[in-house]
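The first chain written gets the first letter, and so on, giving A, B and C; residue counts start at 1 in each chain.
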Amino acid sequence: MGRREYVSDGLRLDGRRPKELRNMRAQIGVLQSADGSAMFQMGNTQVLASVFGPREVEQRSQLQHDRAIVKCEYAMAAFSTGERRRRGKTDRRSTELSLVIRNTLEQTIQLEEYARSQIDVYVQVLQADGGTRCACINAAMLALADAGIKLRDVIASCAAGYLQGTPLLDLNHEEDRAGGPDISVAYQPGLGKIVALQMDGRLPTEAFDECVQLAIEGCKAMAGVMRKELLRHTRALMAAGEDAGGGGGGGGGAALR
Amino acid sequence: MQADISDAEKLYIAQGVAQGVRNDGRGCHDARPLELELGVVAQANGSARLHVGATDVMVGVKVSLVSPDAAEPAKGQVFATVECSSCASPEFKGRGGEDWGIDMAAALQSALQSSLDLGSLVVLAGKTVWAVHLDCLVLNDGGGVLGALSVAARAALAVTRLPKVEVTMGEGDDDEPEIELGDDSEGTPMGVTRVPVIVSVAQIGSRCVVDPSAEEEPCASAVLHFAVGPGGRLGAATKTGAGGIPQPALLEMLEAAQQLGPKVLRELDGFLAASAAAASARAA
Amino acid sequence: MSVTVRAYEHGAGTALIRDALKPLSRGAHASAYVAVGDVIDTDDSDVFLKGHGTQVIGDRLVATQCGAVTRTDKLISVRPPRERYVARAGDVVVGRIVEIAGKRWKVDLQSQQQGSLLLSAVHLPGGVQRRRNAEDELAMRSVFREGDLVSAEVQQVYHDGGVHLHTRSLKFGKLEQGQLVVVHPGLVKRQRSHFISFEPLGVDAILGLNGLIWVGPHLPRGEDGAPAAAGGGGGAAAAAPEREVRERAVRVAAAVRALAALHLQVFPSSITEAYQLSLEKGVAIKDVPQPAFLKLLAEHEAARRHNVMAAEAGGF
């Protein structure tokens, strides 16, 4: 078996250029029973996220007087991977990813606005083709926004890798499996902050900077797409609610927090 | 899974059923509309997502080549699993809903094993057969989940394509035959005509209602789940609930299921045929 | 006994109302919408008050929620389309008893925290408010038990977010003879009364500001607001409503669901209009929340708004 060419003539296995993102698709408000939900797709990777809360804390011992607690669970559907696999929700990878996602979201939710309450975030991977953790963070963020949970900024998450001396943006599963390094980044574009960064594999120092930069550029582009979808969805819901006869103030006369 | 409901609400529902007026305006023999999406998981061999009222389920079908069971060398295999996604409700986080999922999976698997032509899933008798894995995900419980899973399963199977397989026999008697998977964009469909739908009939007071909603389920003293095939042929049946069913009621419930089942199958097949026609028109 | 199988369309309700209202969107009421993280225009003013859904970063006002920007004097806020219910004193709510703990009932209001209904805040049999004794505590379950739905008023919201409810007026209390319809809290606006009687129909509704709506046949009440039939625990003794009345009640509930599917506000006149329209068009009750009628309702609403706007314009 010869060595696999991941980049040849400036094109990758799926025909993309090195710095090209896969096609993205976001749908907001896809699950009836949740307070907020979203479906996020990146190429073939497809993730569903739902949010319940803020609500009463389930275990009183965990209650925090000055902030909300966040619970997160990551699960993969048995049909989500190329080779079908039944995976429990409590296996190591699921637990690790649940922690990473929770940690990322905790930095973005205005936890202090929801003291003494609990926010549950569940992500369900429907199709895994590389970049699943990034897709999960994106879907979760959209679901939180759908639930009306206050966020310091939007978050976009994206991964970059390095194969055959070329930085590659948004690796799919095949590229991921090639054994090269893989850096996933979660970024707040408005605040200009990196809220999550994880690297697997070894990377020469110069290339590290280049890859992180590339991932950030990818995040910015994705944030733009997600923001558009959030606006579109918001507009659609609110246009219906506006009363032509002058509109209700509703919760408008707000107290300063 | 039981919804939180007060005795007063249950009484109102029961009195309504006795008058033939359910809380959503349906009559006792009316099923809710079925809303289907096909091929939602492109990487699976077949998939479907179904919405019935507030109930939301997804089924993915994946096939693989395996050695057959020693006891059944000329039969393929079919397996069903049901997982309650945490996305549906915090009560399903961790292992919540696991037992319920196992029960429903058993019902589905038994219905499929007795209706799919497992002989047609043989590639090389005694050596290689197809294993069909149906993995189901419950995304919301709005009542009638098992029935919804059966419809989604049938739809997913109907759009499943078995990859073409090339079998090259070995040179000598002792050589193993080579098996190569063809390009799965042209696959062979599976025969699903005999796959049943499961119709749930709930006994509320002395009346019975089909396709119970989430608020009706806790009002039922018992629920019967009938696997009904084309022509009203009865497959399996299971009972849930702590109450007993008098024999005349049992017959009434069976009849209701046998009336509704074929109608669902007919409408479903009509929809699947129309979707397939639209898809090939688009491809042309 | 027909069976329907059709293709699922995500966001169908939203699409229907959006398409119906599109011709009207060039009105003066076009709002400014923002997404999370967007900088909000403060009209170049240095002086502004940061309202709901906003945060100050440096010298800029940034949205923390998606929604419509509202400006009242110098107070700039963002009103989101969806949010868990936030209680305010005086709100009429419908909630489910989830726990009995000590001298209080814990009530699920589908809000950030559960509401507390203290034993001392409940109207007990005996008419006159009297001191609560030990018997009362043990008998709490006979007043309201876990799973019961109650209507109540928010007495007070504490700074830590705790919500105290009361059912001191006789019109509040355990809900019987009816069904619950749950909608987004944003669709129910504060109004004069949340206890609605659709007189000619013989149907009553309670519009909880937390989005929980109770619909049932009319229960006659005395002048004090108490149900005239039996005090406190009608239960099995309550006579079943006649089929016609039940059908009307179920149709009102279906009308509420239809409004909610289109994200239209739920109040007495919108419910009545949806109800009448469904009768006019000969729609079966079970078909009221379905796409065919939703389309008619969306168009009806667009026509109504058009008339309102034309009348306003004509007023100049």
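Side notes on the structure shown:
Everything that follows uses one rule, which is that contacts are C-beta pairs under 8 Å (C-beta built on N, C-alpha and C of every residue); 3 or more make two chains touch, one makes a residue touch a chain.
Which protein is which chain? UniProt says A = Exosome complex component; B = Ribosomal RNA-processing protein 42; C = Exosome complex component-like.
Being a predicted model, the structure only gives us computed values, none of them experimental.
Viewed as a network of touching protein chains, the structure reduces to a complete graph with every chain in contact with every other. Of all chains, the one whose mean C-alpha position sits at the greatest distance from that of subunit C is B. Just to note, of A-C and B-C, the chains joined by more C-beta pairs in contact are A-C.
For the pair subunit A (Exosome complex component) and subunit C, the distance between mean C-alpha positions equals 32 Å. As a whole-number value, the distance joining the C-alpha centres of subunit B and subunit C reads 36 Å. Every residue of subunit A (Exosome complex component) that touches subunit C in the complex is listed here, in rising order: 27, 29-30, 35-36, 53-56, 65, 110, 114-117, 145-154, 188-191, 227, 230-231, 233-245, 247-257. Against subunit C, the residues of subunit B that register as touching in their complex are 4-9, 11-13, 15-16, 18-27, 29-31, 33-37, 49-51, 215, 259-260, 263-264, 266-268, 270-271, 275.
Looking at the complex, you find that subunit C touches subunit B at residues 1-9, 96, 98, 147-149, 174-180, 216, 235-236, 238, 240-241, 243, 246-247, 250-251, 253-254, 284-290.
Of all the residues in subunit B, the ones that touch subunit A (Exosome complex component) in their complex are 40-44, 47, 54, 56, 58, 60-62, 64, 81, 83, 85-90, 93-95, 133, 135, 137, 139-140, 142. If you check the complex, the residues on subunit A (Exosome complex component) that touch subunit B are 31-34, 37, 44, 46, 48-50, 52, 58, 71, 73, 75, 77-80, 82, 84, 86, 89-90, 120, 122-124, 126-127, 129.
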